[in-house]
């Protein structure tokens, strides 16, 4: 039986043909992956199926019946559920409130919260997805938030589950958990549509794989009859192997030295419990760890957003008493934030305006406080070329750039500033293969120039591939220090979960 | 509160940049049409009303045009000042309801510096600039209080500016004007003493009252434009404007001192709005009266919104409102209440708020011409 | 979509229709050779139930014998209505219609005073322009110099020049009122009427006329019984009845039973409070005889301190009509009937003996036997008269 | 001490009288902003409703009819605000300012057209008349509770509404959905909730509450419309709503502080002796406003509203 069929779906956005006559046919009970680079049209297609977008033309069949899905409400009625890439959760609500929203147990008009709690508990037990029903979503790690999302759609009796890039924000362990869940759901007879650009994962979990490129369907392959390399070629349209280039470290003097750093989190609890480490010129120090184990606090302290409770940060041999973003940047720090929209860019600004942010007070961009448009435009044009930001138009607003191009714009901005130290927080988050490759190359380039780099990442392969030294952060402490050649992903994974500690190499 | 800044910037790079000028124009036109219907419904003649209104607005030549024109510019300079007060703060992501307070603080400062002894004896070319600087300082400090509380204590500027308006009003009218700054009895006036001759703004269009206030405010508007778009300071304010209200931290992460800029933005907003109060005292009333009854501050919000928070737009909107208000009292000759122009002002702002709809209409019109199938508008247009 | 288009079309048709109907040739009213009187209100405007309305009564009702109608314009009033509009203490002043036509411009803003006066002089060619309220002192002063052929009248102030100096141009008459004198008399009445020994006073803002009322009131109370406690409050506004009510409630709950206000419309709230409570509370009105105003609280209005802006306006118009206009400053006093107190319920609350004493005090002021202080701060050091 | 009880009770009653209109406005703000639509038109809505209430009562001679008229105009204005901000995703601030400016002009215009005055309407039947008040005579004489012995129905309604609104927002299905829409409309949409419907409802309901604020002034405290009626009360309600962190009880608390300061201010002014007499009037009058800022600095701190408050919601096409 076909769970879902789409025929000739076309979606035209102003200036972009996002989906170009796409035909897919998905069997009941299979895990069906759709892969493609960012902007290939995967999410658009799913949003059409879920009723968030209206297709320009085309037909949809659910369980062999032609349907007309206008709103998510229709989709839910057809037992289609979707876990969005950006979680659709109300941060201030509890797990239970989030799960039952839209279909609440009630006595008359009164919301029966007790009943909802027990329902959620039951549900979580039934599907073996452990959550605390009374906890606020804002306080949960990403992996658990995703569970809430899954429970939400399961509660509505979804038979077809769409996962839009579900692993983009997960740790390896969480990903593994998710895969277990997916397999279990498949066993229960649910149909799963799995959207990703991570070919390794797709190969691990999917039964069949459809490849999209620039809005067009490139082909559908069965897992057994293909390979990662072949898929990659289909996705990118040329031969690529995602290989992280290696470069020998020419290590120089210590640039940043952190001692006994203790930092409170936004919620007021101590999130970083006294860590010490050095970053030297020309090396990449990788910080591995599951999200929420002190990374945010570390970043905030280094960039001057949060004042540490205790401990010192020494930059270039000088201890900094009060750190503000202004003075630390003046000393020579560049920062690639994990959240592009929140910390990286001013979305309504044009590329030319974004690219000078942070160095706008410097010559030649301005003199005596007066901006020099000609110099700015010249610079922006050059950098857009150099960092391959598309479109090349320096007047494009950042909001209209794709994720990858936004990231490139940030790189262009940060790396063109004079800096000795680069703080890269999940620099490849949500990027496709091409963009990732680009970021890796840039990081290596930086390293070869003698910049000290602190790389915080949840992707173990990234940490293993790029770092010269690896620190493992668990529960606000550094529980291990190692180098890529002395460890394995498995060992790191255990340390990240606090199951294994390693004596630190002497500082 | 957060959406003050989701505004469309004038710019030729936009595909339909002319829309940014067309939308306010159509809004104003629609407002006049609805105003006409309204006046008809209430049993009066729209033609007579508009004839009187425009005849006395100073916008069109006619009898007594000279004095109407002068009065219009005199009003406009004050509306532009308070409009800028709102627009400047809005550019920096702040919602400033405090222009009313800044206006009266500027007024009382102008009155004091205008009559008080050490200053009153100075020659005009020293005295007047001194007053202007003093007024801007006073208004700026009053504005900066709200900025400080926002930056350092996180208190919403809407609350503080509302409260500071009232505090300013009561401290001035129920203390300063009736207490330490009361005029001596023998002069025959209540309120503060009159300002000295050297403090009065020079007239530029005799025999009318028009004085250099319009020149000052145009110069200030130019400076504000320059500040916004040509300096690093303005650049930083604009980064904040696009992010502050959404809780985004990009400017802060880029090393911009958001807290200090917040205070400075409110300082400038207060200083410019205070100029309006100074124009009132130095060019019209020559003293701070016992009861001021402004309203220029709140109308400034409408001026800024009609002008899309852009300096040039604020000038044009200021002139529009100034003209409406100048013509307002004359419509009473036809027994139409003086508040009629406020109705038009309200409708104009309402249609500006409905600009998505107006844009949709225009686009449909344009698209039909272009025979294009794609709607450029999207949005709630369903 | 069709329907929408139709609606738009309909709208356009209606609009065009509206414009054409409006364009229909209007029959111009014949120009009469009447004396034209212009009046510029202060920001309070028509309907303030205070001096603007009072001046408008002097102009429209008495001098013009017309009333303002809904939708604008005037219609004549009957003799009965005319007679009813004249308060008791002015019945003997021989107020007759003067056949003038009135043109009133309200001001929205202080900036409007001068343009409004200019409109009345230049466009409407008024013979006399009346400025209501001391706020217009500067505007009248300036305009008087600019239009020497037009006569001006100013209420509550003398004209001042652009430096705030009092001036006396040959075409301006200013009317001042001795509010402290009538304030004194209502103070005396209040002192006799109170049963609790506590009385209230509600002021708008501390401006000169209000302070004169307060000074007179305090002096009157002190004269009758120095032990009376006065709870005085300023609301900071002349236009907010809710605040007036609040202040009145506060005073009543502290034991006051007679309340006097000099707070414009803010005082309406005081009367509301009195009316809701009924006996034994009394309210005292200000400026006009509020005991006659059905919108307030006639049954519990003890008296009103009268300030006949209407009469002053009428006198000024009359002088222009009769060609006896004299410039200068006129002070309206108890003596000439420009101020006074209304009988309202005085006879119910006071004994005849007490009324006689108040009347005696009135005559003493008229005869200049003692002077009433004009500043509340001077009342403490002021010695009350004796022997009444 | 016993003699002070009537005074204490009267003062509290007065504070409550002062509280009611602002409270309604603040609750209107709470309703609308919890669904993500900023409403700075509270002031204008109060003004419109205050006038229409008096008009209705004037025409019919019945305060309840006035109430209906006021509620009617509240619905109309709410629908206008919703049409602009929800249907057309227009700027909520601009729409609010537009309604405020229109209230200034149009109400005065109507006042002139209907009552031939630009100042004050004639008195009409109202809820504050002694006979119309709710008499709980048994409470008289009891300290504090005695204040509730004679209140208008509108004050009671305002107080009860705080509880009701709290209940609706935090304990009903509708409230959960309203808050979800204000926090994350996209999440709500994906769960099949009609975001537009909820927003329309909340904006109109909020506007009706603000209308009650106007009615509490013109038909509760007073019995007539005066041109300076709302006089900043809508804005104070807005401030109180933020101060109270967008919750009904928070708003009530904020307004009570303000109202008590107002009553205290009048009391201190009236009874000032000695040194206190030397304090200028301006300081007394500005006391409530200073206390509000002081309370914010000292106690409350940063207020965080609903996450999507003020962000126009657009369904992606």
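Labels for the chains are A, B, C and D, by order of writing; each one numbers its residues from 1.
Here, a residue touches a chain if its C-beta (ideal position, glycine included) is under 8 Å from a C-beta of that chain, and two chains touch if they have at least 3 such contacts.
Here the structure is a predicted model, which is why all the values come from computation and not from measurement.
Centroid distances built from C-alpha atoms place A farthest away from chain C. For the pairs B-C and B-D, the larger set of C-beta contacts lies at B-D.
Measuring from the averaged C-alpha position of chain B to that of chain C gives a distance of 34 Å.
Distance between chain A and chain C, defined via averaged C-alpha coordinates, is recorded as 73 Å.
Averaged C-alpha coordinates put the centre of chain B at 27 Å from the centre of chain D. Annotation: 45 Å between the Cα-based centres of chain A and chain D. Residue numbers of chain D whose C-beta contacts span two or more other chains: 112-113, 118, 281, 285, 315-317. Of all residues in chain A, none touches two or more other chains. Across the assembly, chain B contributes residues 42-43, 170, 173-174, 178, 338-339, 375, 378 that each touch 2 or more other chains. Remark: the chains found to touch one another pair up as A-B, A-D, B-C, B-D, C-D. Residues 13, 229-233, 235-236, 238-239, 242-243, 247-257, 374-376, 378 of chain B touch chain A in their complex. For chain A in complex with chain B, the touching residues are 12, 14, 303, 305, 324-326, 328-330, 335, 337, 341-350, 353, 357-358, 360-361, 365-366, 369-371, 395. Residues 171-177, 179-180, 183-184, 186-194, 307, 315-317 of chain D touch chain A in their complex.
Listing the residues of chain C that touch chain B in their complex gives 14-15, 18-19, 21-23, 26, 43, 45, 71-73, 103-112, 114-116, 118-119, 122-124, 134-135, 137-138, 146, 157-158, 160, 162-166, 205-208, 234, 236, 238.
Those residues of chain B that touch chain C in the shared complex are 33, 36-37, 40, 42-48, 56, 63-64, 67-68, 71, 74-75, 170, 173-174, 178, 183, 187-190, 193-194, 196-197, 200, 207, 209, 280, 284-287, 289-293, 295, 325-326, 328-330, 332-336, 338-339.
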